[in-house]
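Note that chain A is present in both complexes that follow, paired respectively with chain B and with chain C.
So, the complex of A and B:
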């Protein structure tokens, strides 16, 4: 009884601002015309899947997650392992990796824009080196830039999470292992990685969710119609919103939520399995 | 006891949050219901006795209320509404304006921008919810989106089915300009003509001959080169930009692509063909206009692009650019019909969800016949406006930069030609749209010599297809 009373406020807030609007949107995705139209079944979904731009957006978003997340986790794990041992200026380095998290994106984006513009800094450097310039934002390179930006923005956060995970691994495991004659690599593979797995699941989940949020940076960097390699799901939804196309907007949102739910529940299941296995 | 206290405490907390929530909602609600608060009712005295709370289509006395919404307050709308009400006692017309305070040149701009934003947001929301005004002046509103979502009444069938509506009373080409395959969803009360004012005397001095009623862009380039080669009064044939406003290099691209929109974008099959050699060729052609000096980027040329907004504006433009000037028709693309290009203004649409559509249609017809805004769509009103100007005798042009301008005499012969240009109106310009924005934004790199025409064309194609495939 008391449990519900305490949960109440946050539940009400959650329903009011997330759940109820989403359910309404879910209903809208099956109707036609303006708000409160006729029921048309899955018509909006077939329309949506026929839209080449939607397919491109979905493909780009998936590609971005598939490239960005593994890279991010790999790099932040490397950093975490490096910073977990005594190192010159260690605390300063840790802080500096956290900085991108607190800097407002909008202010950084301007610098990135100037840097990667056709007439920007990077191309000026290339020119001085006698190389041909590259249109970074208007070619397939654009995805790479956003991946770099995503890693830069999120590496500090992931690193802190992984560092906490690393420090919770008991030191005697390593001591025992080295007494038994296990090498550095062996220790990393059979102790660090194994005991870090629960943290890893969490980091993976957060990174995937953050990769969906990269729209903000992309939008600020390249506007509502960027080069098609950068055209993400949220671009599509944003543009549909401005075109008053509630149907496609809600259908796209529903599909995206379904994908995220399937992915996260799969991850959570895997984590549970893993825990049962280790216990 | 302790448990009881806890429960009480949490109930109090919930009530508090809820109260905060609802309070919050009521304050932020002013943004949501801007439909009511953001719009200023037309002068209460001139509109009928309908009180603001009365939103029903028919009030208790059986009177029908037409709500007519427009962003800019308009004297003509007010007068037409008053006259219409007098003639139809069972109808009352309520004017709603998006502008919240009187427009002023100094500092009014910011307020206007936020008013426009509020106006479009609230009208969009109301229209999507199946409510909204019965009649709309579509300025600033996304008419295409409304049309696509069937929020506007098809006026094609209205026009066809109404025996009292005679197309011959109007400039037919302009009227049909908004016609698409699915129907016609707005009717203009007024239009503007775009063309060029040329220095007739200077052109005659060079001895170059041309037929502006039929010329294509290719003809224009040839004529331009001849004019430049004649080394007459001016260095360039035409200067980019419109009127006194000097435009960038993207002016001609935008303008020519707007005139040839159908050639590069197939709206029905949602295909763009900017990657065709034709588009890269067009880009190169425009660039050569600059290189050959046919198009200048500053100073003056033999021709100046202008938009004629009214008979008065027509004479003022002619007067402003020299003593002996004439209006010339803009060049057109090869496969298009020759004629003056025009843009519709004061486009009015009827809300498809309105409960008083018949009355709104009747009032719309009345507006078309009884308003005289700019160049009126109604031929009789057009003629009246010209007559009125002739009787007036002189025009005092608006002062520019506090420079006092002298009144000049109305040239009746020039005015008579205007009607001919209006009759020849053939091509509707569509200067807005995402694809055109993309074209204009990406061609700069080509004109500054940084990218090849083919690269730019490929990039435009890439982005245009994303827009079209949505």
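So, the complex of A and C:
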């Protein structure tokens, strides 16, 4: 009884705005129109997989996640390990690393333009070094730029999470290890990384969610149709929506959901295995 | 501490300070540029987005990164706040969307989180997994069916088309559950023995202990929804109702100087909120991340 009192409000709204739309979308992906269409089996999916722009968008999204997320976690981990000790100005440093997290994307778009424009500061510096200009936003560099923005925004959040993980490792593990003659690298590999793994799962999850949010940056910087390399699944789905191509959109959405579900349940299973193994 | 350690600590502090300066640079540049005159802005940044013909002597044409204004002026702010009423009305639009979402999601989320963290019922973990999944999905995934539902409810082009889904977002449930899972059962059991009902336990035991979690959640939601672009783009076609995030995208292109001032005003509430609640915020995030 008490359960419904607590869960009820959330469950009603959640079903209405998330669960039902999700099920509807899944259903629509097998029909030939919005609600009330004819059942067409997997036709929408074969169309979708033949569409060059879908394949491009899916490839770019995967590439972005595959580069951005590990890079972000690696850098945040480095930062967290180095910052996990008494240090001059430590709390100031922490504040500065976290501040980009709360700055709205739209506020700093112009600054990114100043740097990455064809006539921008970065190219001015290249020019002074006697090098040719690079069209940052209209070449394969554009993804690198978006990765930089992603890291700029999220490094503080990941660092804070990892710092908490580091501080939860009992100090005497390290003391015992150093008494037994283990070097620093050995300690890092066999103590830090092992006991940090549960936190790492969580960081990975949060970083993936946040990697989908870079759509805002790319949208504000490059609009509906950015350079090929930046054309992500979110652009594709957004554009299909405005082109009223419900079939392709719902099929693409379903595929994306399947990927995310498979990936996450794999992660959660790995985490459970890991916990059983260490306990 | 020996000399070597002291020296390496100092070197690290210096390196970190440089890195911190790089991190803060985009924010600082926006702030500084907001205090330049329109003439100074266009003189330095007029070349953004223009293809210069390099063959015709435009070879060295670059925009000029200007770190300090020639003289301080607040004319851009006057322009934004007094001369164009649009900015303020959209600022309030943003506030009117974000505040109900933050309050609503924190409330609804905490209630549900308590059920997930401290009550037992069949299918609990499976249901939580479903919440977790929807939280991971980008907004575009349920675009079409969401549109249909919003349309059926007659909410299209109203702020509730954004506020209602916001209130029931899964992130609040997820984060508060993670946080509440740390609160020892001993405390809730003790209250139960004293004869307290579930609701009393929630109000008197759980909520006071969950304060850092609530603060962290409120800040994160504030930031996320203050920043939203996708939802209003689809559900609020009426320009009068749109939030600042969309307006800013336009003004940045048309009037750059005003854009800097508007950007600064736009980020100020976020930055102040963060600096004010930082310790709570950090503690809340950290508790949500490590397993108890």
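By our rule, the second predicted complex is superposed on the first by the 276 of 279 C-alpha atoms of A that agree within 3 Å, B and C clash if a C-alpha of one lies under 4 Å from a C-alpha of the other, contacts with A are read in each partner's own complex, and residues count from 1 in each chain.
Here is the rule we go by: contacts are C-beta pairs under 8 Å (C-beta built on N, C-alpha and C of every residue); 3 or more make two chains touch, one makes a residue touch a chain.
The structure displayed is predicted, hence computed values, not measured ones.
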item	value
Which partner reaches more residues of chain A (counting touched residues only), chain B or chain C	C
Partner chain(s) touched by A:228 [first = chain B, second = chain C, both, neither]	first
Partner chain(s) touched by A:118 [first = chain B, second = chain C, both, neither]	both
First, second, both or neither for A:16, with chain B first and chain C second	both
Partner chain in contact with A:52 - chain B first, chain C second, else both or neither	first
First (chain B), second (chain C), both or neither touched by A:82	second
First (chain B), second (chain C), both or neither touched by A:243	first
First (chain B), second (chain C), both or neither touched by A:142	neither
First, second, both or neither for A:253, with chain B first and chain C second	second
First, second, both or neither for A:103, with chain B first and chain C second	second
Contact residues common to both interfaces of chain A (with chain B and with chain C)	2, 5-6, 9, 13, 16, 34-35, 118-119, 246
Footprint of chain A on chain B - complex, ascending	3, 6-7, 10-11, 13-14, 17-18, 21, 124, 127-130, 142, 145-146, 148-151, 353, 434, 438, 445, 450-451, 459, 462-463, 465-467, 469-470
Sites on chain C touched by chain A in the complex	9-10, 12-13, 16-17, 19-21, 23-27, 29-30, 33, 45, 47-52, 60-63, 65, 108-109, 111-112, 114-116, 119, 121, 129-149, 164-165, 167-168, 170, 173, 197-199, 202, 219, 223, 226-227, 229-230, 234, 244-245, 248-249, 252, 256, 259-260, 263-264, 266-267, 270-271, 273-275, 278, 282, 285-291
Of chain A, residues touching chain C in the complex	2-3, 5-7, 9-11, 13-14, 16-25, 28, 34-35, 82-83, 85-89, 92-114, 117-121, 123-124, 127, 152, 155-157, 160-161, 163-165, 168, 198-199, 202-203, 205-206, 208-209, 212-213, 215-216, 219-220, 233-234, 237-238, 241, 246, 249-250, 253, 256-257, 260-261, 264-265, 268
Chain A residues within the chain B interface of the complex	1-2, 5-6, 8-9, 12-13, 16, 33-36, 51-54, 56, 118-119, 135, 138, 225-228, 231, 236, 239-240, 243-246, 248
